[in-house]
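Read through the structures below before going on.
In the two complexes below, chain A is the common chain; its partner is chain B in one and chain C in the other.
== the complex of A and B ==
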C-alpha cells in the first residue's frame, strides 16, 4: 500500500470515523481505524459494533492495499503532522505503516486488516431519501427531547414513524415530547413501519454532513439502518422495543392560544430560571396571563422571587399553569422564527408550543402540579 | 440501628399494601374488560332502558377504577401503559396525564 495525501483531508476523515471507535473494544482490532486505498480514494472505517462509520477522502494512490492502525495513536499523530503532503506506505498486509513528510519518518504498528469487520453492503430493505438539511433539522428540533436514561433504551431514541403519506420524527422522555414532520425526497416502504434510532448518535451523524443540499439515502432492514451520503456511510443498529403510542398524548385542540415572541419568552424564562440555583433551588416557573400579557413567576428560599412580564396576544380564557423551566428553555433555544403559539387546555393538560411559520413541528410539555 | 430496621419494616409493609392494591386494581381492570366484552356482545339485542341502566353501571364502575388509579398516580406511581406500577421520579408523566384527562 502506498499513497500521498494532505493533512487537512486526512484530519477530516479521522475526525469523522473516530466517533465510532470504542473506548473498550470487544476485540483488539476494534481499537483501530481500517484504511484501504484504491483508485485515488482512501477509505477509513471504524466501528464499535453499535455504530459503524466509513468516510472517503481523495488521495494519490501509487499502490493499493489495506491496513489497520491504532485509532488513538493515529488520531494524535495526524493532528501533529505538518501542512504538507504526507506519504504513507506499507511493505505488505502485516507490515508496519511508514509515514513520511519532509525528511522525517514515523513507523506505526499495524493490525491485520482481514480481521476488521467492514460495514455490510445492504441491498434489500425499505428505502428513503432525505435532504441533509432536513436530517439536521430533525436532530436539532427532536433529538434533544429524548431521554438519556439508558435503562429505558427506546426513550433514548428518535422514533421514525413511516406511514403511507410520509414520515414523522418523535422523541420523548415522558416529560416532554417533540415531533417533526419529515420532508421525504423519495420513499419506498413495503408497509407502514416504526423504527427507533439512538438520538445522540443521530446528532453525531448530522455533524458529519457539511453540505445541506446533499441527499441522504437510507436503507432499512429489520435490525439495521445504512445511511449513505457523498463521502460518508454509516451503519446504525435499530433499538429494540415498541415505542409508546404517542398520538394519544398530543392534545387535538386547545382552549387558549397565546401568541408570543420566541426571544422575549426565552429571555424571560432564562431569568426566571435563576430560582433554580442552589441546593434548595426550584425548577418550577408559574405562568399566568391576561389579555395582552404573560406573567412568569419563580421563587426559592435561597434566591428570592422573580417576576417577568411578556407581551402576548391571547385567544380564550386565562389558564394558570406551571412548567419545569428546563423543558421550556431547551425548546425555545432551538425553535426558529419570531413567534410561537403556546396552546393550553387546562392547568393539568400538557401545553403545546408550535412555531407560527412552521406547521410541521410541535413540542409538548407536561405541566407541574402546584398546590 | 434498630430505628432503621423498624423504618424498613414499616416501609416494606407500606409497599406490600400498595402492591396488594395494584393486584386488586388489576383484578378490577380484568373484571371491567370482561364486563365490557359481555356488554358489547349483548348490545345488539337490548332495549334502550336496559342499555341506559347498563351504561350507568359501567360509568360508576369506571369512575371507581379511575379514582383508584388517580390516587395511585398521586402517591407517586405510573398508571400509564408505558411504566405501569413503577415509581415516578417525582416528575409528572405525559402518558399518565393523558390517561387521567381522557374524559
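== the complex of A and C ==
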C-alpha cells in the first residue's frame, strides 16, 4: 500500500471516524482505524460494533492495499503533521506503516487488516432519501428532548415513524415531547414502520454533514440502518423496544391559545430560572395570564420572588399552569421564528408550543402539579 | 390459728434477695456501689468462676465501726439515709439497706473492715443469714467483702446461673460502667488470677473509657458539655457516626453518677443521629446527666437500673438539640490510616488563595486552634479556671506513669507484644485522646477541626474509577465517595424543600409497575401519604400500579427505580415517616452514580455544596463519604521522614 495525501483532508477523515472508536474495545483491532486505498480514494473505517463510520477522502494512490493503525496514536500523529503532502506506505500486509514528510519518517505499528470487521454492505431494505439540512434540523429540534437515562433505551432515541403520509420524528423523556414532520425527497418503503435511533448518535452524525444541500440516503433493515452521504457511510443499530403511542398524548385541540414572542418569553423564563439557584431552589415557574399579558412567577426561600410579565395575544380563557422552567428554556433555545403559540387546555393537561410559521413542529410540556 | 403470720427475717431476706440478687453480677454491683459510697479510691474485685464460687470486693474506703459492721447485715440497716424524705435528695448509690442482708441470706459472706481510727479490724461472717461473730483481726484500712457459694441454699436460683464466663462477662460490664462513672477511683478486676480490667483512677474519663472500651474508640469520641436552663447538665462523650454499633450495648447513661438504662433517653440521643447512621445501627455514647437533687426519682426498682425523671417531655428535645449541636460542630472525615495523626490546622494563606468563597469569609479566624477535646478539659480536670493551662510537664509525666501502669496490666494478657512497642502505642493513643493542654500553640500537636465550610477551599484533583473524587487542601488529601456525598447534599436540599409547597411533575406516559404482593401491600398503606409528598400512583389491576406524577426533583426515567428504592425502605421501616422515605429515595436516585464521570466544574460544585453541610460526613444511610490522608502519613510511609 502506498498513497500520498494532504494533512487537512486526512484530519477531516480521522475526526469523522474516531467517534466510532470505543474507549473499551471488545476486540483489540477495534482500537484501530482501518485504512484502505484504491482508485485514488482512501477509505477510513472505525466501529465499536454499535455504530460504524466510514469516511472517504481523495488521495494519490500509488499502490492499493489496507492496514489498521491505532486510532489514538494515528489521530495524534495526524494533528502534528506539517501542512504538506505526506506519503504513507506499507510493504506487505502485516508490515509497519511508514509515514514520510519532508525528510522525516515515522514508522507506526499496525494490526492485521483482515481481522477488522468491515461495515456490512446493505443492499436490501427500505429506502429513504432526505436532505441533509432536514436531518440536521431534526437533530436540533427533536434529539434534545430524548432521555439520557439508559434504563429505558427506547426513550434515549428518536423515533422515525414512517407512514403513508410521510415521516415523523419524535423524542420524549416522558416530561416533554418534541415532534417534527420530515421532508422526504424519495421514499421506498414496503409498509408503514417505526424505528428508533439513538438521539445522541444522530446529533453526532449531523455534525459530519458539512454540506446542507447534499442528499442523505438511508437503507433500513430490521436491525440496522445505513446512512450514506457523499463521503460518509454510517451504520447504526436500531434500538429495540416498542415506542409508546405518542399520538394519543398530543392534545388535538386547545382551549386557550397564547401568541407570544419567542425572544421575550425566553428571556423572561431565563430570569425566572434564577429562583432555581441554591439548595432550596425551585425549578418551577408558574404561568398565569389575562387578555394581553402573561405573568411568570417563581420563588425560592433563598433567592426571593421573581415576577415577569410578557405581552401576549390570547384567545380563550386564562388557564393557570406550572412548568419545570428547564423544559421551556430548552425548547425556546432551539425554536426558530419570531413568534410561537402556547396552546393550553387545562391546568393538568400538557401545554404545546408551536412555531407560528411552521406547522411541522410541536413541542409538548407536561405541567407540574402544585399543591 | 390464723393462716396469716409474719415471715421470719431469714425468709424475708431471701425474698428480698430474689429482687436484688439475681446473678453474681448483682452482688458485684451492690458491693462495688457500697465501696464507692464508702469513698474508696481503689477497688479491687476478684471473681472465681465468674463469681459463682467467690466474689471478693476489696476497697480502701472509710470502713465501718465494729457495731456498724454487725448492724450492716440487718435488713433496712443503712448509713445512707435516715428518713423517707432523704429519698428525694439521695447522693449515694445505695440507700435501701437491703443489699448486704439479702446477699448474706443466700451465700457465705465474710466482712472484714477497719476504720483509720481503729487499731484492729472487725470480722463478721454470715452463712445463709446466720450471723457469726469473730474476734478482731488485722487488716488494712477499708472493707473487704467476700461472698462465697452464692445461692448455696437456693438451689433453684443456682440452677439458673449461666456459665462462669458469661457471668464473668456480665460482672466485667457492670464494673466497667461503674469505672467510667468514677474515673477518680482505680478499679481492678481480677478473674481467675488475671487482671482483666484496670482503670488508673486519676480522674480522667477518657482513661477510664479507654480501659473499658478500648483505646481505638477514643479517636471517634466527641466531648459533650451542656448546661440546660432547667438546671441539669449533660456531659460525657458521644461517638462519631462512623463509630456505630449493631445494638445499644455501647450506650451508657449515668444519672447523677448512677448507671441506668433508659430507652427514652437513648432515643432522644438517637434522634440527633437520624440521617447519620445506617438503619439498625446505634450510636455509641457515654453520657452523664446531672440533676440538682430533687429533680430525679431513682427509687423505682430495687436494682435501680431504671429511674423516673421529671418532665421528660420538656427537656428531652433540649437533650436532642444539644447532641445535634455537638455533632454539627465536629471535625469531619475519617483518617484513612488508623493511627495517631499529627494534624495541622488549615493554613490561613491557603484559604486566602481561594477567591469568592463566601463561606470562608464568614470564618476569617485561623480556625481550629481549639480542639474539640479542649472543651472537655475543664470537666476532666475538675478545675474550670485552670484546666486549659495545666503545665505541660505534668501532663507528659502523668502520661508515662499511666503508660507504665498499663504495661504492667497488659503484660499478663499479651505476653507476645514487646513492652517498647506497647508503650509507644499506649502513649500515642493517649496523646491522641487527650486535650493538648499547652500554653504555647504548637501546631504539631493540635488536632485540626475539619469542618464542612473548609471543603469550599478544597481543590479537586480528579476522579478515581469515576467513583471517588480526589481532592487536596493544604497538607491533606481527601477521598470523597461521589455518590454518597451527592446523595447527602441532595438529601439536605430536599429536606429543606420538603417544608415548602410540594410540586409534582405529571408524566406524559404513566409508568406501570408490577409489584410483588408484599410490595403492593406496603405501597397501598403508604398511598395517601405519598400523594401529599407529590407522588401520584393509581391502582391499575392485579398487583400493577401506574405512576402518574412524581416529585419534580426525580430525573426522568427513574420512576421505576425510585419506587423500588422507596418500597425497600418501607419494608425495613414500615412505621417511619413516608415523606422522609420519599426524600431519601429521591436523593439516592437523583445523585450522581458511581462510575459516572464528572467534570472538574461538577466536582467543584459538589464540594461547594458539601461545604454548606455542617457536621455531616456520612451519607443518609450512615456510610462515610470522606476519608483523609495526611501528608505526614504519606511521607512516613514512603520513608521520607
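As a convention for this text, the second predicted complex is superposed on the first by the 371 of 371 C-alpha atoms of A that agree within 3 Å, B and C clash if a C-alpha of one lies under 4 Å from a C-alpha of the other, contacts with A are read in each partner's own complex, and residues count from 1 in each chain.
We take it that a residue touches a chain if its C-beta (ideal position, glycine included) is under 8 Å from a C-beta of that chain, and two chains touch if they have at least 3 such contacts.
All values reported here derive from a predicted model rather than from experimental measurement.
K.L.:
With everything superposed onto chain A, say whether chain B and chain C fit together or clash.
P.N.:
In the superposition, chain B runs into chain C.
K.L.:
Is A:147 contacted by the first partner chain B, the second partner chain C, both or neither?
P.N.:
A:147: touches chain C, not chain B.
K.L.:
Pick one for A:176: touches chain B only (first), chain C only (second), both, or neither.
P.N.:
Both chain B and chain C are touched by A:176.
K.L.:
Taking the superposition on A as described, I'd like to know which of chain B and chain C A:138 touches: first, second, both or neither.
P.N.:
A:138 contacts neither chain B nor chain C.
K.L.:
Considering only touches as defined above, state whether A:244 meets chain B (first), chain C (second), both or neither.
P.N.:
In the superposition, A:244 touches chain B and chain C alike.
K.L.:
After superposition on the shared chain, which partner residues are touched by A:269: those of chain B (first), chain C (second), both, or neither?
P.N.:
neither
K.L.:
In the overlaid three-chain picture, which partner chain does A:322 touch, first (chain B) or second (chain C), both, or neither?
P.N.:
After superposition on chain A, A:322 lies in contact with chain C alone.
K.L.:
Can A:367 be said to touch chain B (first), chain C (second), both, or neither?
P.N.:
So A:367 meets both chain B and chain C here.
K.L.:
Scan A:346 for contacts with chain B and chain C and give back first, second, both or neither.
P.N.:
After superposing on A, A:346 lies in contact with chain B but is clear of chain C.
K.L.:
Determine, for the superposed model, which of the two partners chain B and chain C contacts more residues of chain A.
P.N.:
Between chain B and chain C, C touches the greater number of residues in chain A.
K.L.:
Which positions of chain A sit in both the chain B and the chain C interface?
P.N.:
In chain A, residues 172, 174-177, 244, 249, 324, 348, 350, 364, 366-369 are touched by chain B and also by chain C.
K.L.:
Which of the residues in chain A end up touching chain C in this complex?
P.N.:
147-149, 151-152, 155, 172-177, 244, 249, 279-280, 282-284, 301, 322, 324, 348, 350, 364, 366-371
K.L.:
Which residues of chain B touch chain A once you look at their complex with the stated criterion?
P.N.:
The touching residues are 80-83, 91-95, 97-98, 100-101.
K.L.:
In the complex of these two chains, what residues of chain A are touching chain B?
P.N.:
Going through chain A, the ones touching chain B are 172, 174-177, 244-245, 248-249, 324, 346, 348-350, 364, 366-369.
K.L.:
Residues of chain C touching chain A in their complex?
P.N.:
The contact residues of chain C facing chain A are 489, 492-493, 496-497, 500-509, 511, 532, 534, 536, 549, 552-553, 555-558, 560-561, 609, 612.
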